[in-house]
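Below: a set of structures, written as structure tokens.
Look at the two complexes coming up: subunit A is in both, with subunit B in one and subunit C in the other.
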Partner chain A sequence: MNMKQLFPRGHVMGFIFSMVLTAVALGVVVYDLSFKTGMIVLLVTAFMQAGVQLVMFMHAGESEDKKAIYTNVYYALFIALVTIFGTLLTMIWGYQ
Partner chain B sequence: MKIDNSLPLEYSTEENRLKILGFWIFLGAEIALFATLFATYFTLVNRTGNGPIGADIFEVTPVLIETILLLTSSFTIGLGINAMRHGSKNAMMVFFIITLALGAGFLGTEIFEFKHYVHIGAGLQVSAFTSILLTLLGTHGAHVTLGLFWGLFIVLQVKKRGLTPETTNKAFIYSLYWHFLDVVWIFIFSFVYLKGMM
Partner chain C sequence: MDYFDRFAVPHSSPMIVGSQIAIAVTVLAILVGVTYFKKWGYLWREWFTTVDHKRIGIMYILAALLMLFRGGADAILMRAQTAIPDNGLLDGQHYNEIFTTHGVVMILFMAMPFIIGLMNIVTPLQIGARDVAFPRLNAVSFWLFFWGAMLFNISFVVGGSPDAGWTAYFPLASVEFSESVGMNYYAIAIQIAGIGTLMTGINFIVTILKMRAPGMTLMKMPMFTWSILITNLIIVFAFPVLTVALALMTMDRLFGTNFFTMANGGSDMLWANLFWIWGHPEVYIVILPAFGIYSEIISTFARRNLYGYKSMVVSMVAISVLSFVVWAHHFFTMGHGAMVNGIFSITTMAIAVPTGIKIFNWLFTLWKGKIEFTVPMLYSLAFIPIFTIGGVTGVMLAMASADYQYHNTMFLVAHFHYVLIPGTVFAVLAGFTYWWPKIFNFQLSERIGKWAFWFIVVGFNVTFFPMFITGLDGQARRMYTYSEATGYGPLNLLSFVGALGLLIGFAFLVYNIYWSTRYAPRNVTSDPWNARSLEWATHSPVPEYNFAIVPEVDSSQAFWDSKNNGPALFKGKYKEIHMPNNSGVPFVLGIIFFVWGFAMVFSMWIFAIISTLGIFACMAHRSFEKDHGHHISVEEIEETEKKLRGANA
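Let's look at the complex of A and B:
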């Protein structure tokens, strides 16, 4: 195998991209941002990172089960968000 | 067994394809597991009692080392699967062994970090915050520990049996697990450490 086959462009780009996103996320502790701005930066970078892993590295869309896999991932994500925000609503925000 | 040669080896039989789909469904359950831990963390993050708050105990350097080690290991296992698809067993083995070494480095740093927390008075029983913090981090760490042994057995099996529809399928599923742990870590890095230090 030559270098180009060993290190395919997509993987290298995905890796560089994930490092850049990490550096951007780190910016929230380096620069003095408001809580709201910081959280928006973190939400955007974290979900973009997850997307890079899912599509570039986990090959989520390559087989004939693409539809089932994406449905499953979106459903799990829905459950996760309902669990987290539902908990926050009932345990924290509901009392403020 | 019907083998479809137009697909990568790990997808080449119906059983293989279904095992990969099944593992994705398992990962969906893992997402739900970590969601409950994150939900509990966000609920208890301010319940610090007489113990420290996050900003008192979090340090950027070890966390950044852990993040870079895990992100790089996710990259190298991706390269390992790519090498596997090109049929290069040796390149695949090298990338898998690098991945395991980086994973061990991550775990070593995390164990050092836990020891440090206990040492500075942020052990498991100190407050609701330290309990859920160490439970969340520990659950991820336990997954990485399991992943290291799993990966080791994959490497040994590929060494012994070569690249077959079975071993490539196992290696691919293992790579899904490893990437998933990286995704969970990204959320811990962002919403536990960075948010806590902000």
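Let's look at the complex of A and C:
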């Protein structure tokens, strides 16, 4: 057992990632960004944050169910995106 | 008395007064009867508190059959009203209420529970498991569904039925245009049942992913189990949208928010959008299990392996993805541009491809098979051509420009009944007949079953085929009457005659249950159909623990292989079996939800707050409860096995 194995590298990296992502999201308020840029920054950091939490802290990839879990996550992501963008398409962009 | 005025039905009639009296008398008779025969203890111990997936499945199916007759009564009334021009049997308001409750009851309280019932009974047996992953949660699912359904059903005798269509489009469903509590019932009763369904979805995904018998990889699962896995995946992703939409609707109706109103930035179209984001996948939730049931039955009675196993799985996965990208085809005519309608037309037509693959797979399974025409097989064989008519007319409707002609006519009504009745009703009747001996250890009479089959199939076509024609002639759906000059009279009368045929068919079904329970021979084996999958490898009726020894599997039809000189299924010795304990909390929780729902419907806040606290108390009880289940000893297993082997050697 050397220090490399004992050191919880994944967790520390995850912690740093989530802190950085939070700081970036905070920037939206601190630098008073426009609504549009602000929302884009928030959306992107939110999705990345969810990913970090899922992989680093909820150990999504560490059990034998790895394949099933990731398939479910991708499926969910697909449907969430289709629902949101589809609604925008039918209700706003494509509405006469 | 002012306080009680709110419970009066705003639009009463002799028929509703009659129902009120009949319901009161029936409830009283049941309560008195159960007390007189001293059955409360039995019901409580064996049924109300059970966590056994088989018993929960039976209760689901019983409730579904009950609701089939409730929805069927609505249907007969509708057909009777439109049988002749200018009929005065029902007025416009009653007709609205009846087609609304017919839709909700048939989809949510008949088709769904019937399918969930069959999946409860069969899935754990097919994968060689002892129960579902979360047996207590399963009981909660059932009781939430049951009390949600009961809440919805009392609407027509207490406070008034919902009347804005099963789609509940805004602004019609808003307080402004639907003043009675009817639409509150809709929002809250479906919410309660929907939460139960969502729990079922999670429960069965986990069960299938985690509790399969050793050796059963995903690609060695029986096709019914595959269809259930996909169905529950759709449930988990579609139902939250309904939950949110109904919550917003509740807020609009009870607390004056403006999500779906036309003022203050609300969007009435958003309801239609959210409803169908759930509603279209819902169609596949009730049809995919049917595909699974047919796959089992066709391969059993054609005495052949299921043709194209892999393509069956792939096409089901494809259908599940496509089911989420087509919803706007339900409102092609509500004002989108050509681009939106074009996209959704194409995705909709694309669904015909995987569905077509499945149809061909069934045909190839039948090809050169030694087909046995049993009742379940007859339903499966009738399904293929009838469902194809439904599918082809679906592609017609999918063409957005042509849909401007078809939409909102009887053509649409004919189309979705041609999809849903062979796709779901035939399937659950076939599955019901097929798995009946597994549950009760005797078969339903084939002779009476065939009478029921022919009446249902012929009656169905006579009822719904004329609607294609009247629809093309311009008869609008949901129109409570029409003048003689329209010329719709004769075909509508024919529809009514067909509906009577369906009624006779279902009467035969009930008579069959009665007759077979009394007279059918009891000396059937545990495998009366010479079937293929694991549920037939254990005894009938199935013991509490399903399998004394967990089977080992190496193909999708392991039981068939083991019967034909393949490897043995059950290796090793009896071991102690760990089973979950019964609990009364799910039943109590269901009743509290019922009271909560009733209080919410009538805006009785004090009751609503008290029952909300009750709901949290039940959940807290579960969190702090120590329940380690119980063990069945080896001696007990030996004894049960000996007894069951004696019953059907």
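We take it that the second predicted complex is superposed on the first by the 76 of 96 C-alpha atoms of A that agree within 3 Å, B and C clash if a C-alpha of one lies under 4 Å from a C-alpha of the other, contacts with A are read in each partner's own complex, and residues count from 1 in each chain.
The definition used in the following text is that a residue touches a chain if its C-beta (ideal position, glycine included) is under 8 Å from a C-beta of that chain, and two chains touch if they have at least 3 such contacts.
No experiment lies behind these values; they were computed from the predicted model shown.
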Let me test your reading of the model: by the given contact rule, A:M13 touches which partner, first (subunit B), second (subunit C), both or neither? neither
Does subunit B (first) or subunit C (second) touch A:T87, or do both, or does neither? both
Which partner does A:Y95 contact after superposing on A: first (subunit B), second (subunit C), both, neither? second
On subunit A, which partner's contacts cover more residues, subunit B's or subunit C's? B
Could you look at A:I79 and tell me whether it touches subunit B, subunit C, both or neither (first, second, both, neither)? both
Considering only the touch criterion stated at the top, classify A:I40 as touching first (subunit B), second (subunit C), both, or neither. neither
What is the contact status of A:A25 with respect to subunit B (first) and subunit C (second): first, second, both, or neither? first
Is A:A68 touching the first partner subunit B, the second partner subunit C, both, or neither of them? both
Intersection of subunit A residues contacting subunit B with those contacting subunit C? 65, 68, 72, 75-76, 79, 83, 86-87, 91
So in the complex, the part of subunit A that touches subunit C is made up of which residues? 65, 68, 72, 75-76, 78-79, 82-83, 86-87, 89-91, 94-96
Residue positions on subunit C within touch of subunit A in the complex are 209-210, 233, 237, 241, 267, 269-270, 273-274, 277, 321, 324-325, 327-328, 335-337, 339-340, 343
Quick check on the complex: what are the subunit A residues that touch subunit B? 1, 5-8, 11, 14-15, 18-19, 22, 25-26, 28-29, 33, 35, 38-39, 42-43, 45-46, 49-50, 53-54, 56-58, 60, 63-65, 68-69, 72-73, 75-77, 79-81, 83-84, 86-88, 91-92
Spell out the residues on subunit B that touch subunit A in their complex, using ranges where they run on. 7, 11, 17, 20-21, 24-25, 27-29, 31-32, 34-36, 38-40, 42-43, 60, 64, 67-68, 71-72, 74-75, 77-79, 82-83, 86, 88, 91, 175-176, 179-180, 182-183, 186-187, 189-191, 194-195, 197-198
